[in-house]
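Below is one structure, written out as structure tokens, with a few remarks after it.
Letters A, B and C mark the chains as written, and numbering starts fresh at 1 in each.
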């Protein structure tokens, strides 16, 4: 079940990457690369930082095919995607939660300290999008707009909290998804944002 | 022989990096860093992703001296480089093929699955240029202009195809270079590009 | 003693990251991420490139708390920071030297060749700032302004030179700090820069 959600999630992230590439007028090769990086880049950075070799996707070549196909398919269906906006944002939120949980889980198994476990969950959740934006030469949107990275943080803490209370794994997972997706969708609907830090003095 | 081609290739990539740094008015230190990253960054990313430690260039300190020298030399010869345009683009194409073959070879020896082998070849071939562009704060050109990443893909597939057919290694290597360099030079001469994906709707 | 300097240094780097995030109007989450990456990103890249797992900060969760706190604290004290400009720049210079020495030391212990040791020192010293600038979508300032990367290079060479001459470790460390901080502060005061390479021809 979580595997199925994961596959849907990486496909949704790949589509988000493809749209970003389209906004930059990339060629179809660029679309494939950005789709790949958006979907699997967060997990790659996490595995490298945790020293978790071999890296996840290298052991599942099917994932490569899935994300590249999803990216290229996006080129075809793009003119109709705004009609699926809600579904797409919901899948993206689902991906954020799934990635965060998987990141925590892997770091836990490697016996890292809890702050590192939370960082691993958040890196998995948000770094695909950060790399997508860096490669598209724009500032990472996750640091500016509606709650996104915060959702990942809340999900990671909730997951670890329920785990510490010995709540069973299925319930923990379900609760994490419900809270995470609800938080993200509410943030989008009501424009919830974190306070912004503006500093314009130039003295350096 | 392949070692000699590799040395020429990393020097050519270093020069391409130095020119990009010059377009951004970097100081000579920046030139050296961008030259290094352009020439050896693709192989570094490949080795990290494959978990292939120690990373290649750390075992060949001479490579560090070569690429930094090539980068700094470029500062001196830059006013005359446009006269060598054809030679330079040919060396760059040669580098693209050499890097792709080396990337495939290393992943094959580590027994990765074929899709990962192809990715390793392409990462080696194009990621130096991607990192160069990211550090110069511009969108990676390999995703927008004449066939480049596609050349790497074709070379990797040709290499693996001939290998599967038990063609001997020398012939495979020569054919890969001939096809790859020809494809790249023809793309440059005739402006061959992949179709572009433009998506300007803003609904997120 | 060096540990204390290191803690001050990562806090100073985190503050520099937070100010850069503020110049880009990031939210407080972005501030925390940029602070973290600026302070600990250079060491992370060094550890990954050297294959030095587990990565330093994953074994010291306290560092995570320190740099994130320093980053968020910066949001509060930012209106007053220009009054502390000199102190802040001195701490930043101290951090540059401390990071460079630590990077050299780690690579030496792993028995890498001397050019790799110097690269490790410089990566530790400057890559946090490079990653900060990449994530803030601007060209890395270390490649354009007053001597900064050069200070790291001089410090690394001085450290290795004194070590080769069997000068004792304490004296070597003190001398490296004195020379490095003096060089950086003089460069800032007198506007010392490396020559710049400008190349505007477009023939590619």
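We adopt the following convention: contacts are C-beta pairs under 8 Å (C-beta built on N, C-alpha and C of every residue); 3 or more make two chains touch, one makes a residue touch a chain.
Since the model is a prediction, treat every value here as computed from it, not as a measurement.
For the self-contact between chain B and chain C, the two sides draw on mostly distinct residue numbers; the shared fraction is below half. Matching the C-alpha atoms of chain A with those of chain B calls for a turn of 120 degrees, to the nearest 5. With centres defined as mean CA coordinates, chain C is found 29 Å away from chain B.
Residues of chain B found to touch two or more other chains are 48, 134, 137. The residues of chain C lying in touch with chain B in their complex are 48-51, 112-116, 119, 130, 134, 137-140, 142-144, 149-150, 153, 193-201, 203-204. Residues of chain C touching chain A in their complex: 18-19, 21-31, 33-34, 44, 48, 53-55, 58-59, 61, 64-65, 75, 78, 81-82, 85, 89, 134-137.
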